[in-house]
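The chains carry the letters A, B, C and D, assigned in the order they are written, with residues numbered from 1 in each.
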Amino acid sequence: MLTYTIHPRFGDSDQLGHIHHLSIPSWFEEARNPIFKWFNPDFSLSSWNLILARLEMDYVGQIRYADQEVEIRTWISHIGRASFHISQGAYVRGECVALGGVVIVYYDYENRRAVPIPEKIREIMAEHYDENAPYKMKSGQ
Amino acid sequence: MLTYTIHPRFGDSDQLGHIHHLSIPSWFEEARNPIFKWFNPDFSLSSWNLILARLEMDYVGQIRYADQEVEIRTWISHIGRASFHISQGAYVRGECVALGGVVIVYYDYENRRAVPIPEKIREIMAEHYDENAPYKMKSGQ
Amino acid sequence: MLTYTIHPRFGDSDQLGHIHHLSIPSWFEEARNPIFKWFNPDFSLSSWNLILARLEMDYVGQIRYADQEVEIRTWISHIGRASFHISQGAYVRGECVALGGVVIVYYDYENRRAVPIPEKIREIMAEHYDENAPYKMKSGQ
Amino acid sequence: MLTYTIHPRFGDSDQLGHIHHLSIPSWFEEARNPIFKWFNPDFSLSSWNLILARLEMDYVGQIRYADQEVEIRTWISHIGRASFHISQGAYVRGECVALGGVVIVYYDYENRRAVPIPEKIREIMAEHYDENAPYKMKSGQ
């Protein structure tokens, strides 16, 4: 499990007085930066090799802008041949307020096709794999 | 089916040269405005009665900023007692590039609980219901 | 003057119950698409030739999500050798609620330098130039 | 001077391969959280007392998503009777890439008017005031 702290922005809120539902997957994306680094150690764009294929979000509770410390927990919840699942949760004072996940494909942009994930990266992913991650993708290759 | 046209913004793109995955659910939200109006004819915030419980997105193809006309198609794909599903698709030159949906709960903010959808609104929803909508939520009450 | 209509998204609002200040320059960007087309008729990224150097926004009044028709008016307010100013305003029921502008540089990305705007484009800009545009940039080349 | 570190999100980039111009004022807003706390110690929405009246941004250089540590520096650059200026800069490896500022009004939302800033808050602001802040608002009360 990886953990990361988000400090909500005023603009993350909406007129219902809570955090807007699309702010949370944006936080999750920020918390995935360390995973992107496994695949792209120098974040070089010219050799970028990941593409997002699916997104799921469950809104369990409401988050307020006033909740200035939101902990994002991140797990690898599935490791496929050419794709994998990242599951994530948002927690305020230890309580889960949102869960979700993404399917990411290891992708060759030049030839426009999925390619097998290298063994070296599979090993790093295995260290963060948790079969009991609190969110499992409901669909995705 | 409802249809709505989106003209992508330069900022909807990301460094991979295509539209960022979180821009599309934001477009879908804009295309849901007419549905919000069924529930809140004057968009009055003080009596707002909807809450989003779940979001799913499938990224079928890549969209470019240069694709300046993106058609959003919107269906009611499930009508429950106190919640319903909206399915949506993004189409470029007639080709589907993204699909997804949301679970929305008819919600009493004062008493913090789901309440049955009024018959009058159920009738409007029924007119836009399509059991063959191209996306079905994989989870959700 | 160019005019364009924006239909605010629920997520454009913030917890103060009005439109968040950063949603408006994003609307202005969408309304600049026709101008980008003068410079890049096919919106081709590989030959993109504009860079934004400065942004100014004056928040004159509050906008609500319920104000479902926001008119964006756009003027060319300065034409320089290698840069120009676009002034824009947001209007609800004819009343101005926000004004602002950007300085845009005609830019050669390969050689990383500003270059003179071609005469043909200057002529199109001149047709939309208004020395009495309601907003003038306070700074910018 | 206050300092704050931003870790750019993938979605902060645009198709030109750099950070989109509207991501930076959103970072600046996040870095203003400590200032909002001076005015609203518990971030309570019901007694919120600030409104943003003007925004200026100068894009000095390009920022990349790969620049994973962006330092935001924040100064109070003007203290008026009922409003003040916050100046901010974004720095990558010590080099300034963007500058800007906002005019914020101390605002009574109930009576819809600006009110004098309390002496106690003026004292805190004075500690962070810098007459040599690298950005000065070009306009604003």
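As a working rule, a residue touches a chain if its C-beta (ideal position, glycine included) is under 8 Å from a C-beta of that chain, and two chains touch if they have at least 3 such contacts.
Nothing here was measured: the structure is a model prediction, and the numbers come from that model.
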Interface sides of chain A and chain D: same vs different residues, half threshold: same
B-D compared against A-B, more contacting pairs: A-B
Centroid distance [mean C-alpha coordinates] between chain D and chain A, Å: 28
Chain B-chain D separation of Cα centroids, rounded to whole Å: 34
Approximate Å spacing (C-alpha centroids) for the pair chain A, chain B: 22
Where chain A touches two or more other chains, by residue: 10-11, 15-17, 21-22, 26, 29, 45, 65
Of chain B, residues touching chain D in the complex: 10-11, 13-18, 20-22, 65
Chain B-facing residues of chain A, complex: 15-16, 21-22, 25-26, 29, 45, 48, 51-59, 100, 109, 138-139
Chain A - residues contacting chain D, complex: 7, 9-11, 17, 26, 29-30, 32-33, 36, 42-45, 64-66, 68
